[in-house]
Amino acid sequence: MKKSPWHEECGVFGIYAPEKDVSRLTYYGLYALQHRGQESAGIAVANGQKIDTHKGMGLVAEVFNNDNLQTLKGDIAIGHVRYSTTGESSLVNAQPLVFRYLRGMLAIAHNGNLTNAAKLRQELGAGGSVFQSSTDSEIIVNLIAKHSQEPIEEALRHCQEELKGAYSLVVMTENKLIGVRDPHGVRPLCLGKLGEGWVLASESCALDTIDAEFVRDVEPGEIIVIDSEGVRSIERPKVNNRAHCIFEYVYFARPDSTIDDETVNLVRRELGCNLAREIKIDADIVIPVPDSGIAAAVGYAEVAGLPFVEGLMKNRYVGRTFIQPTQELRDLGVRLKLNPIKPILKNKRVIIIDDSIVRGTTSRRIVNMLRQAGVKEVHFLVASPPVLYPCYYGIDTSVRGELIAAQHPLEEIRQYIGADSLHYLSIEGLFKSVKRDAENFCAACFTGNYPIPIPSPEEATKYSLEG
Amino acid sequence: MKKSPWHEECGVFGIYAPEKDVSRLTYYGLYALQHRGQESAGIAVANGQKIDTHKGMGLVAEVFNNDNLQTLKGDIAIGHVRYSTTGESSLVNAQPLVFRYLRGMLAIAHNGNLTNAAKLRQELGAGGSVFQSSTDSEIIVNLIAKHSQEPIEEALRHCQEELKGAYSLVVMTENKLIGVRDPHGVRPLCLGKLGEGWVLASESCALDTIDAEFVRDVEPGEIIVIDSEGVRSIERPKVNNRAHCIFEYVYFARPDSTIDDETVNLVRRELGCNLAREIKIDADIVIPVPDSGIAAAVGYAEVAGLPFVEGLMKNRYVGRTFIQPTQELRDLGVRLKLNPIKPILKNKRVIIIDDSIVRGTTSRRIVNMLRQAGVKEVHFLVASPPVLYPCYYGIDTSVRGELIAAQHPLEEIRQYIGADSLHYLSIEGLFKSVKRDAENFCAACFTGNYPIPIPSPEEATKYSLEG
Amino acid sequence: MKKSPWHEECGVFGIYAPEKDVSRLTYYGLYALQHRGQESAGIAVANGQKIDTHKGMGLVAEVFNNDNLQTLKGDIAIGHVRYSTTGESSLVNAQPLVFRYLRGMLAIAHNGNLTNAAKLRQELGAGGSVFQSSTDSEIIVNLIAKHSQEPIEEALRHCQEELKGAYSLVVMTENKLIGVRDPHGVRPLCLGKLGEGWVLASESCALDTIDAEFVRDVEPGEIIVIDSEGVRSIERPKVNNRAHCIFEYVYFARPDSTIDDETVNLVRRELGCNLAREIKIDADIVIPVPDSGIAAAVGYAEVAGLPFVEGLMKNRYVGRTFIQPTQELRDLGVRLKLNPIKPILKNKRVIIIDDSIVRGTTSRRIVNMLRQAGVKEVHFLVASPPVLYPCYYGIDTSVRGELIAAQHPLEEIRQYIGADSLHYLSIEGLFKSVKRDAENFCAACFTGNYPIPIPSPEEATKYSLEG
Amino acid sequence: MKKSPWHEECGVFGIYAPEKDVSRLTYYGLYALQHRGQESAGIAVANGQKIDTHKGMGLVAEVFNNDNLQTLKGDIAIGHVRYSTTGESSLVNAQPLVFRYLRGMLAIAHNGNLTNAAKLRQELGAGGSVFQSSTDSEIIVNLIAKHSQEPIEEALRHCQEELKGAYSLVVMTENKLIGVRDPHGVRPLCLGKLGEGWVLASESCALDTIDAEFVRDVEPGEIIVIDSEGVRSIERPKVNNRAHCIFEYVYFARPDSTIDDETVNLVRRELGCNLAREIKIDADIVIPVPDSGIAAAVGYAEVAGLPFVEGLMKNRYVGRTFIQPTQELRDLGVRLKLNPIKPILKNKRVIIIDDSIVRGTTSRRIVNMLRQAGVKEVHFLVASPPVLYPCYYGIDTSVRGELIAAQHPLEEIRQYIGADSLHYLSIEGLFKSVKRDAENFCAACFTGNYPIPIPSPEEATKYSLEG
């Protein structure tokens, strides 16, 4: 199984609010989206004449300070946080990307993954385009510039015809804010209202943070233009089928966000409830893997009629500069992130619940920890189906690369992680946990049914920058 | 009511383990104690000949890196984290304090608060002592030096006679590690074993982190000496009464620690259970104030037979360099730390549970948040009694300074925070939640019964450095 | 008089030396060229497969450390230092510029200034090019990409036909190092040999620093290609006339460099000698404005038969983070950079020698300083003619913007700076100080004879990014 | 030959100027004294009530910024720069030292070296003193505290009786500035006037920098007290003999300073003149080792009637973070600090002049460099006598440790450095170069006549902190 060559997950934010402190509001908006990317952060601001920008490596709070925020004055702003992936991590890939082309200045921030990136890069290169980064954004930028004879709205419409894959974009000219969502609506993007101004964001939690009112999700294929005339939507291409990423609900999005009409925390709780309906186990307590398993564990405990207990304590002070223990110290038992609370666990039959299993190494470590704490039995329950297929639409499959469930049968995985039993939620249980029908979602990582054609191995190799 | 002039809460750690990487183990130990102090961190290492040290402002992970850790080579190490309080925050107050006196080198790390600090400072000054910091540690150091004709063990025994108040100390010479706890055992200190070596720590979670085995709590008044001969305990002064700080269980200590035979998480859950037994309310859901109210809310929900729900999402990325919103933005509704999940809360009758109320401003903000999210009723329940008296034994009363419960009757507080009802746990309920009898604890902040004499206002003024 | 819209002065370096530590050698080479630019520094390294790069704001020693240098492994490297100018100072303008185009990767570093930059930018934009910086380098890069169907050597040959102005370039592909000098040879570029390897540098002092042997200057219009086949020169366009910048000798280049057959220190000394032949003054001592006036002052003193004396002490510790005195403190007489040695100056008739006068403010301050130190007379002699015209070929005219000599007659300048007399070297004296004939040099800043057509004010405005 | 156990050279500054920005003026004063110490810098400010301080590692411009300077408000300030020596370099040794003792707060900054430090430390320790640093200043502080029953002026008078060695101190209480110089006046200290205020500084160049008027040198043994009553001098102990350090003139002090009536630059020039009178050589040019040899070379050239030429270029951008070349690169000829100007040196008979030779390694490297540049002959002349004895009074003998002249006869040294001839100035020539008689100076490093008793090897070992 080949993994996607381009793996990123990101958060985007945009605000049109003359007379408000747009750069600071973007700062807080990005901060609410920080879970979508911790590698780099950036803000660009337009003041009618030009676009200023500041980007840097690290968390929003590390990249920005009062001094550099104050240099970003204007009426419109867009921002971006980028996920940390090894190898591609550098400032040149930080967004928003700001550039000058025939019609003036433009800034762009992108969440998603193009499936025809290599091919577009090749075609644009043949036309004389140059690329300074490995981001899809720079491809989109050059594609827009190819259409520089047209107004930006039309250029984006034409770009939408050429771009394949998943993308939620916020684009900014000197005096317009534009939101674009791909025709399948894979990655989220929503619209909010702040006084007289307008906000675009990857998730509704960013609207909440700045007390903007949620208006609606941007429709698949929609182009929303916001300027001094107000908000207008450009006619969008006929959409065959929606394909909202279901993994956003399972793991990626923030629990307090509501995305395409589903509240993440409620979905997760429901995943736990359905898991309890499917998998019944005779046990004493239900504990979550903090923090991602909490909602499902609460749901499971409720349906199963078992006590919900915090059996593992998570240390919240781990930062990027933290010195990881050497293998020797790890062998000695140094454990930093999670600590089992022995008096709670000792001699108990424990059900432990996590959102998903990827490589299985963390699960194995946790089970071992519980055994050392003296549990009598440990039953590992996963509130989603096995991840069997890589994502080509923007979820990082470099950390999801060696998918244990794709390589090994259930019993081998159970033995590997060392649990007394191991159970996953069924595909049916997954779809029962959301309100809408299954055909509205992309669940390719679980099912292998890719709603947008993925590059053939030959193509991926042929056009790859790294091949 | 005058507040204590010296307000600090800290964590201490010590390890005697020749042939192990003691500085790195101390780093991980301090990291586990990070919740006890985020202002500064320091590690001192003894190698039989001399003591090296490194200290800095900030979190453990910010102060230390591979380079400076590698300069700290030796067989014994002690470490310290210090709580952030305004005004006194500077590197000169960071610990361990390392100094040279007649008998060689000595390092010391201190958690607690002396009640006769001003008087001792005055007396020592009259004898020619000089002070470079405002810490109690420097007083203890100079007191030890006054007894420099005696071996360190005896000097500490004599110091114990002169020191009044709360203190848990780790002391290190070139070749000994020594732990000292005050005669009432106010602040915690425990002993662990790591292979052939020994560990001292404020809380057992620091032992867990480095996989050391918990041996026992250091006894009130005990002096434990660890060197190449092994561990020995020096006869301790007759103890009239234990006075373990009950607030450690209510709020300060880490849930996974077991202190003086009580597991913190279990105490907190029991506080919630007892609260449910005392206060019955007709409601739809129970939600915690994250993270400190979670255990009590789980306990409450279980006893009350109501669903436990995560109704507030906490953003975990706030760091020290984060740009706080201006008052203007706060008025606009910018809220960063907590976000209510509206679809969960709307039209619900909500019981919200927190560990304690100090000034009431946070509670007020939370209730307001819930109202905006559309709750039908909000009942604010506190899993401890009202805080009525300041602490003189080392819990920071600068943030606990304006104690709302000491100034206003219950109904006024309820109106201030805007809840439909407000209830505290009773003193009896508090003591029912711990296993041992009430006379083993200091609960002065709730009851006003101070187990150790506190300085009179005149004394405090007379000797105060700042008067 | 309108000033040039693009004002930069920079230093470039390139090395082809498989099996040597090319990034570190580039570091030292750039360090030797640090006087040519202190705003930003960058190094790119090619290893046959790809190009890695690191850039940053500040001095070479600030931008690079062992960690980031060690990530730059390869056989070929190029480097760049950039001059600090207000307004355009940002990381996006730092060089080398590294990019990917149809034929692979390319890195480029540029010293000079294009006179048709605005026009090229416009034309390229119309063809769909996008620009992320305001540098000429990005124009050149896009121009190369337009010729991406051709091998790089031919592409550069065709670019040379379209580029107007002054440019010395080092270009690097995955396996080639290429040096390009404009057809007039305005900015310097020389070739050196290091063992089996080859070096290109703005000035010979960079060759000396790494002990490379000076081979020859790159010829005006020459394209030098260095790869595994060795060194070859591409036939260059017919050159009508050389136009080496004479200001490099007067002020800009390092005294120990030899550029186009003239050793800078010797030229400066000769400028002083010729000044002494032209201007004879009855005085007691000759003092330089350190450091730029030293060589001329030594030459003057020798010819005039007067003692050369260090009358002004320069403080060498001023760095970028230095807190400049407020106007109030400056009025109080706080002076940081230069201090007169009173016992040397008191009651003396002093000749003070500087390399040039631009705005006159520094000269005025120095004369005032000497007066306060008690000199009897002060004669200000300038070892070059008055600067009357702006430079369009890469010398920063933003600091040379308000040219006092272009605005005021000699007597007014003398009164302004407060000297008893003021004298400049003649144009004839200037040309007598170099070995070759006047027609080999560009002395447009002194004479107004621009060897390469400069943009008309309309053009400059029409195409300007900032207009 | 044993080297001194305590090796530091420092600069001190103090200002009493209510209503002036004393911290900023101290910043500029320290900046002028930066050559006396680059390891650490600190400023303490008194406002009548208390003393605030800020210290850090590095240059003045690195330690201070607008933010921390603005926290230092008051009427009086003292400052300190400390020399970089390996091993003892840490923040705990940075000065001023600020402390609280019986009578209030005190700050102290010290230049010099006590010869009875070990003995005092021992005695004070026996009385219960503790030491946190290895500085003499902390000894002085504890000695003052022993006399805390007396007013500070008397305490200092009594301390002066117990302190042996070289010391220039600035001391500050909440409302007084005090200057103290040891009875022999080894280290410099002078008094200046700034409007209604007063300034104390190690060298007059610091007065010049802030435009303070030089009043006079502080007398050996004098205690100067400055407060709201004005300036007064305390009767000083009978001085047997002055012993001003002659090495300050030869190398250490800034050329533009006038110390104890001798202008440093004039002394250095005169050293060169006397060298020319003693040593006559048939040569073509005279070149200095920049910067320290310039004044002497100018003097030599003038007397010898030979041309003074800059034959070596010094790169001025070397900072603390600069990556030094590996031995391998150094063997390859990488040379960073100095570059010979070949066209000037080739085939010349060169006289090169330096201020002194310590270990000979730099001289050897320079001669080798000149040979490679093609000189015909190189004559190395030293403008001071051979350094034969270590300094116990505050000049760093750790870098002056392996004194080549103390170990080898002249001819061996000549061979080692590789010169055609090597000559030193005579002791007589040295003393002829200053205005006052030899008995006013300490020239122990040249003569071995120590004016203050030095510790016997046994004593040094017995009391040494490091023994």
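Order of writing sets the labels: A, B, C and D. Residues in every chain begin at 1.
The rule is simple: a contact is a pair of C-beta atoms (placed from the backbone, for glycine too) under 8 Å apart; a residue touches a chain by one contact, two chains touch by 3 or more.
Because the structure is a prediction, the values reported are computed rather than measured.
Peer 1: Of the other chains, whose C-alpha centre is the longest way from the centre of chain A?
Peer 2: D
Peer 1: Which whole number of Å gives the spacing of the CA centres of chain B and chain C?
Peer 2: Once rounded, the distance between the two centres reads 60 Å.
Peer 1: Rounded to the nearest whole Å, what is the centre-to-centre distance of chain C and chain D, using the mean of the C-alpha atoms as each centre?
Peer 2: 37
Peer 1: I'd like to verify one number: the distance from the centre of chain A to the centre of chain C, where each centre is the average of its C-alpha atoms, in whole angstrom.
Peer 2: 48
Peer 1: Which residue numbers or ranges of chain C touch two or more of the other chains?
Peer 2: None at all.
Peer 1: Touching pairs of chains, all of them, please.
Peer 2: So, checking each combination of chains, I get A-B, A-C, B-D, C-D as the touching pairs.
Peer 1: Touching residues of chain B toward chain A in the complex: what are they?
Peer 2: Checking each residue of chain B against chain A gives 21, 24-25, 27-28, 31-32, 34-35, 59-62, 64-66, 69, 205, 208-211, 254-256, 258, 263, 265-266, 294-295, 298, 302, 307-310, 313, 315-319, 321-323, 325-326, 329, 332-336, 339-344.
Peer 1: Mind listing the chain A positions that touch chain C in their complex?
Peer 2: 91, 97-102, 125-132, 141-142, 145-146, 148, 465
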